[in-house]
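Below, each structure is written out as C-alpha cells.
There are two complexes below, and they share subunit A, which is joined by subunit B in the first and by subunit C in the second.
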Partner chain A sequence: MAEGYVEYSGLKKNFGAVPILHGIDLKIDEGAFVVLVGPSGCGKSTLLRMTAGLESVTDGDIKIAGRLVNRVHASNRGIAMVFQSYALYPHMSVDENLAFSLKMRKTPLERIAEAIKGAAGILKLSPLLDRLPAQLSGGQRQRVAMGRALVREPAVFLFDEPLSNLDAKLRVEMRAEIKALHQRLATTTIYVTHDQIEAMTMADTVVVMHDGRIEQVGDPLAIYDRPENLFVADFLGSPAMNLLDGKVVATDYPDQPRAVEVAPGVLLPIPGGAAAEPGQSVVYGVRPEHVALVGEDAGEPVTMTLVEPAGWETHLHADLAGLSLRILSVERVGAKPGDRAGILIDPERVHLFDRATGRRL
Partner chain B sequence: MATLTRGGETAMIGREPGFFDALMARFGRVILIGLPLAFLVIWTMVPLIWALLASFKEPLEIYESRSFWPRNPSLDAYWTVLGMDGFGKWMFNSILVTVVATIVPLILSIIAAYAFARYLFPFRHVLLLLYLVPRIIPRVSLIVPLNDLMTDLGLINTYWVLYITYIASAVPLATWILVGFFKAVPREIEESATIDGANMWNRLRYVILPIAWPGVVTAAVLCIREGWNEFAFVLALVTETGMRTLPYALYMLKDSMGVQDYAVYNAFTILTVLPLLVVYLLLERRVVDSIVSGAVK
Partner chain C sequence: MSTTAVRTGTPPTARERLGDFGWGTVPYLMVIPGLAFVLGVLGYAVAGGFWLSLHETDMFLMKTYVGLQNYIAVFNDPRFQASLVRTIVFVIASIALGIAMSMMFALTLYHVGFGKRFFRGMSLVPYFVSGIAAAVMFRFVFTTSGGFVNYVLQQLGLHTPSWLGDPYLAFMVSVLANCWFMVPFATLILLGGLQTVDKEIYDAATIDGAGPVQTFFKITLPMIKPMMGVSLIWVSYISFSTFDIILALTAGGPQRATEVVSMYMYQLAFLQLDFGQGAVLMVVLLLFNTVLSLFYIYFFVLADKRTEKGN
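This part shows the complex of A and B:
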C-alpha cells in the first residue's frame, strides 16, 4: 500500500498511567482535507498535538512526508497549527504576529515583507496590519491565526477546533473560507472538531474517533450512508438516527422473509441482504429523513407528540407503540400533537447493528 | 430596587424613593468607592506631609509651636543635610546597592520563575515553599549567624556583604510574584511560539516577558523598595561610616545630634524617601500604560 503523506502507525499516548490513545493507524494523502471528529475528550487534540510535536509519543510512529518525526522538534516538522484560542501574541501587532516565525528563522526582511503581503492579501488582513489582537473582532483574530500559519508555507496545516469561539453565522462564513483556502493552496490539512456538521461539510475524509480509537474513516457521505457501528451511526447526523432495540423474526411474506420486531406486534422491514438470523438481538437504525409520513390508514400507525417547523424542513416526534421516533420531513407538515398518521420505511435505507457488538450487520 | 413590569408599566415594590435614595442613586458610587479611598490616602499621606512641613521649620520650632504649618518656611535644613560629610556617599551607596539588588534578583527570578511555572519537575511545590523560608524566618534571627559567617569570609564592611544578603532576600519575593504572572500567560501562546521556531530564551524574551511585563515591573518595584529601605542587615554587617546606606545614616543621625534638630531630621527623611517616590511614579505609569495598550488581555 502506498505511503501516506502523514502516517500514524500503532500510535499510543498515555498521560501518566492513563491510556488516552490506544493505537491509531491512519494514512493521510498529500493535499487531503482530513477532519478528526468525535465527542469532547476522545483524544482528537492529543493526536493533533502529537502530530505538531507538542506532546511526546508513548508508542508507535508518526511520519510526515516520509520522515519519521517522533523525536523531531515542533519547529522542524514542517507543520503550522491554528489553536482554538488563536494563541495570538497579544503584545504584537498583526504584522508582527505574522512575521514572528519568519524572524525566528532569520528570514531576510524583504522575504518577510513579501510573505506578509501575500498572506494579508489572501486573508483580507491588509487594512489591519497595525492593529493589536485586542483591537480585532473574533473573525479577524481567526484570520490572523490562519495567516500566521500561512506565511510559513508548511507541509501540513493543523487546526484544533478553530471555529468554536465564533458565533453561528461567522462560523458558517469561516467554514467556507477555510475550505476555499484549502482548495486554493491544496496544503494537506488535519482539522479537529467535535461538530459533526463541520466535519461533514468540510472534509474530503472524515475520521470518527471515540475513546482514543478510530471508529471509522471515509468519505463523509459514505460514512453517513453506511456507518460501520452504532457509535458512528449515533454520532453523525442531526437530528440523530433513530435507534430501536429489537429482535429479528421470520415473517409469512415471501418478499420480506425477515423483519425486526421493535415492540410487541410492531414489525419493521429490513434490507434483503442483511446478515441477520431470526432470533438475533439487534439495533434497528433509520435516519429521520428516511421515515415517510403517510395517511392514517397506511403503514405503521403513529401518534404525533411534537411538531417543530424549521422553515424549509419540519422536525417531528412521534410515538410508535410506546417508542419515540424522530421524523424529518421537507414538506410543510400540517400535523399537530395528538394527530394520528402512518409511517413507511424503505428497507434499503435501514441500518442493522448487532446489539452485543455494535457492529453493522 | 426590585421592580415588576405589569402591562407595560413599571410598578415599584416597597416604599416610595425618598431623599436618601435619590442621594444614594446620584452619589452612591462616589461614596462607596471614594470614602475608603480618601481614608487610605489620608492614612498614608499625613505622616509624609507632616514630615515635609516639619522639614521647613526652624530647628527648635517643633518644641515650641503646635502648629502644623511652619512659622517661617525655609530650606535651611535641606542645605544642612546636603552639606553633611558623607551624605553624597550614603546616597551613592544606597543607589548602588539597590540597583544591584534589583537587577541581579530579577534575572535570577525570571529564570527560576519560568522553571516553576512551566516545567513539571519533581518536588517543585515543596521547593517553591522552601524558597520562602528566608522570608518567613525573622530577619533579626539571621543576623548573628550571618555576622559570624561574613566575618569569617572577611566581607564585613564591603559592598559584597550587602549585595549577597539583599539579593538573597529579594530573589524569593520576586520569584513568587513572577511565577503567578508567568503561569497566567496562556500555554498555547507559548506553544505557538515553539512551533514558530522560538527556543526557550527567545520565548522568554519575545513572548513571556512582554506579556508578563506588569509582573516584572511589580517585582522590580518591590526589589527596589526592599533594597532601598533595608535596615537590619546594613545595621549588623556594616560598621564604617562610609559604608552606610541612607536608612542607616538616618538612624545614626538621631544619636549624633545633641539636641535633636527635627527640621534636619525630617529633611533627611524626605530626601531618603524622595528618590523612591520618583521611581514608583515612573514605573507605575509603565504598568498602567502596558495594561491600557492591551498588552495584557
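This part shows the complex of A and C:
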C-alpha cells in the first residue's frame, strides 16, 4: 500500500478519561488540500493540534513525510499553522511577526529578509510591514498569519478555522485567496472547519468527522452525491437534505415495484437498484434541490408553509401529509403560504438509509 | 378636535422626562460622592500637610509662617539624607525581589491545574494580614534566640546570626517582610495580565520554536507590560511609604539601619513634635511616589495603549 505524505494510523486521544479520538486511520497525499469538517466537538481540531505537536498522542502513530513524529517537537515537524484568532504577536510589527520563527532558528539575517520579502510579495503585505497587528484589518491580519506560516517553508500547512472571525464577504474572498495560494505553492494542506461551504469549495478531499471518528472520506462532490450514512447526509448540504422515516412497500406499478411509504398513503419513489426489501424500516433522503415543484394536479400534493426568496434561488417549506419538506428552487417561485402544489422526485436522486444502522442502502 | 391628534396613551418614561439632561450625565453624577470623599480627605490632608511644611509649630501649637526654612533645614539634615538614600535602596531591593517573586508566583498559579481556586485564594492571605501583624510574625521568625530561622540553622549545626541586631541583616529582613506583605496583590495583578494572553499565541510561539525562556521574555513579558506597570506602581508605592512593618519589626534600628523616610517623619513629627519638618518629609514622599507612578504609567501603560489602537 502506498504511503501517505501525512499518515495517521490507529490514532487515539483521551483527555483524562474522556476519549476524544477513537482511532483515526487516514492517508493524505503530497500536495493535497484536505478539509476536516464536522460539528463542534467532533475532534477535528484535536486531530489538527496533534498533527502540529500541540497535543500529545495517546495511542497510534502520526507520520509526516515518512517520518514518525509522535515525539518530535512542534517546531521540528516541518509544519506551519494558521490559527482561528490569527495569534499574531501584538507587540511586534508585521515584519517582526514574520521573522520570529526564523530568528528562533538563528537563520542568517539576509535569509530572513529574503523570506519576508517573498512572503510579503505573495500576500501583498509589503506596504504593511511596519504596522502593528492592531493597526490591520481582519483580512490583513489573516494574511500576516498566513505569511508567518509561509516563511517557514513548511512541508504541511495546518489551518484551524482560519476564516471564522471574518465577516461573510471577506470570508468568501479569503477562501479564494487560500485556494489560489495552494494552487500556486502546492504545499500539502490540512484545513479544519465546521463550515461545509468552505469544505465543499476548497477541498480536494473532504474528511467528515463526527464524535471522534471519520464518517466518510472523499472528493467533495462524490460525498455530496453519495453520502455513506445518515450523519454525512444530514451534515453536508444547505439547506439540509430532507430525511423522512418510512417503510419500504411493494407497489402495483411495473416500472416502480417498490416505494417508501413516509405517511399513510403517501408513497415516494426509490432508485431501482436500492437494496431494500418490502417491510424494511428506512430513512428516505432527498435533497431540497431534487424536489421539483409541479402543478397541483400532478405529483404528491403539498401545502406551502413558508417561502424564503433569496434572490438567486427560493427556499420553500411545504407540508406533505403532516411532514415538513424543504424545497429549493432556482426559479422565482410566486407561491404564498397556504398555496397548494404538487411535487415530483427523481428516484435516481433519492438516498435510502437503513433506519437501524444509519448506513446507505 | 385639535388636541386629540397629539395625545398618546403612554405617560412619558423616565428617560423622556430626563430629556436633554440625559442619561449621559448619570455616570458622572454617580461618581461625584466617591470623588468628593476621596478628594475631601486626601485633598485636605495633602493641602494641610503642605501648609504645615511652610510653618513653624511651637509647643502651644501656635503656627508661624517660615517660608522654605523647614525645607532648607531638612535637606541639610544628614539624618534625612541618610534616610532618603536608605529608602531608595529599600525601594529598589523591594522592587527587584518583590516583582521577581510576584512574577514567579503568578506564573506558577497560572499553570496550576488541580486546586486552582484554593491556591489562588491562599496566595492572597498575606495581603489580608495587617502590616503590623506581619512584622510581629517576622520578629518571631527571626528572633535571635528561639526564632524559627535560627532554630533550623542551629539544628543543622550552622551559625545563628543576630538577624534583627545586625544592621545589614535587619535591613534585609525588613525588605523580606515588606515583600511578604505586598507580593500577593502584585501577584494577583500579574496573574490577571497573564490570563489576558490568548493561549493560541503560546501555541504559535511553540510552533515557531521559542523555548520557555524565550517565550517568557519575548512574548509573555511584553504582552503583560501594562499589568507590570500597575504592579510596579503598587510595589514602589508600598515600599516608599512603608511604615507599619518597620515600626513593628525594628522601629528604625539597629543604629538607624532601617530608618527610612517615613520612620524619620514619624520621629520628627510625633516624637520631636517638629510638625513642620515632618510635613516636609511627607511632601518629599508624595513627590517621589507621584513622579515614579507617572514614569510607570508613561512607559508601561500608555506605551502599550498605542499598540492596542484600532482594536
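Basically, the second predicted complex is superposed on the first by the 361 of 361 C-alpha atoms of A that agree within 3 Å, B and C clash if a C-alpha of one lies under 4 Å from a C-alpha of the other, contacts with A are read in each partner's own complex, and residues count from 1 in each chain.
Following the convention adopted for this analysis, a contact is a pair of C-beta atoms (placed from the backbone, for glycine too) under 8 Å apart; a residue touches a chain by one contact, two chains touch by 3 or more.
Remember, it's a predicted structure, so these values are computed and weren't measured experimentally.
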Fit or clash between subunit C and subunit B when superposed on subunit A: clash
Touched partner set for A:I79, first subunit B, second subunit C, both or neither: both
Touched partner set for A:R111, first subunit B, second subunit C, both or neither: neither
Partner chain(s) touched by A:R67 [first = subunit B, second = subunit C, both, neither]: neither
Which superposed partner A:S101 touches (first subunit B, second subunit C, both, neither): both
Partner chain in contact with A:R226 - subunit B first, subunit C second, else both or neither: neither
Touched partner set for A:K124, first subunit B, second subunit C, both or neither: neither
First, second, both or neither for A:L54, with subunit B first and subunit C second: both
Subunit B versus subunit C as contact partner of A:A134, first or second or both or neither: both
Interface residues of subunit A shared between complexes with subunit B and subunit C: 52-54, 74-75, 79-81, 83-85, 87-91, 100-101, 104-105, 132, 134-135, 148
Residue ranges of subunit A touching subunit B (in the complex, touch as defined): 52-54, 74-75, 79-81, 83-85, 87-91, 100-101, 104-105, 132-135, 148, 152
Subunit C residues touching subunit A - in the complex, by the definition given at the top: 198, 200-201, 203-210, 214, 218-219, 222-223, 225, 304, 307-311
Touching residues (chain side subunit A, partner subunit C) in the complex: 49, 52-54, 74-76, 79-81, 83-85, 87-91, 100-101, 104-105, 132, 134-136, 148
List of subunit B residues in touch with subunit A within their complex: 186, 188-189, 191-198, 202, 206-207, 210-211, 213, 293-297
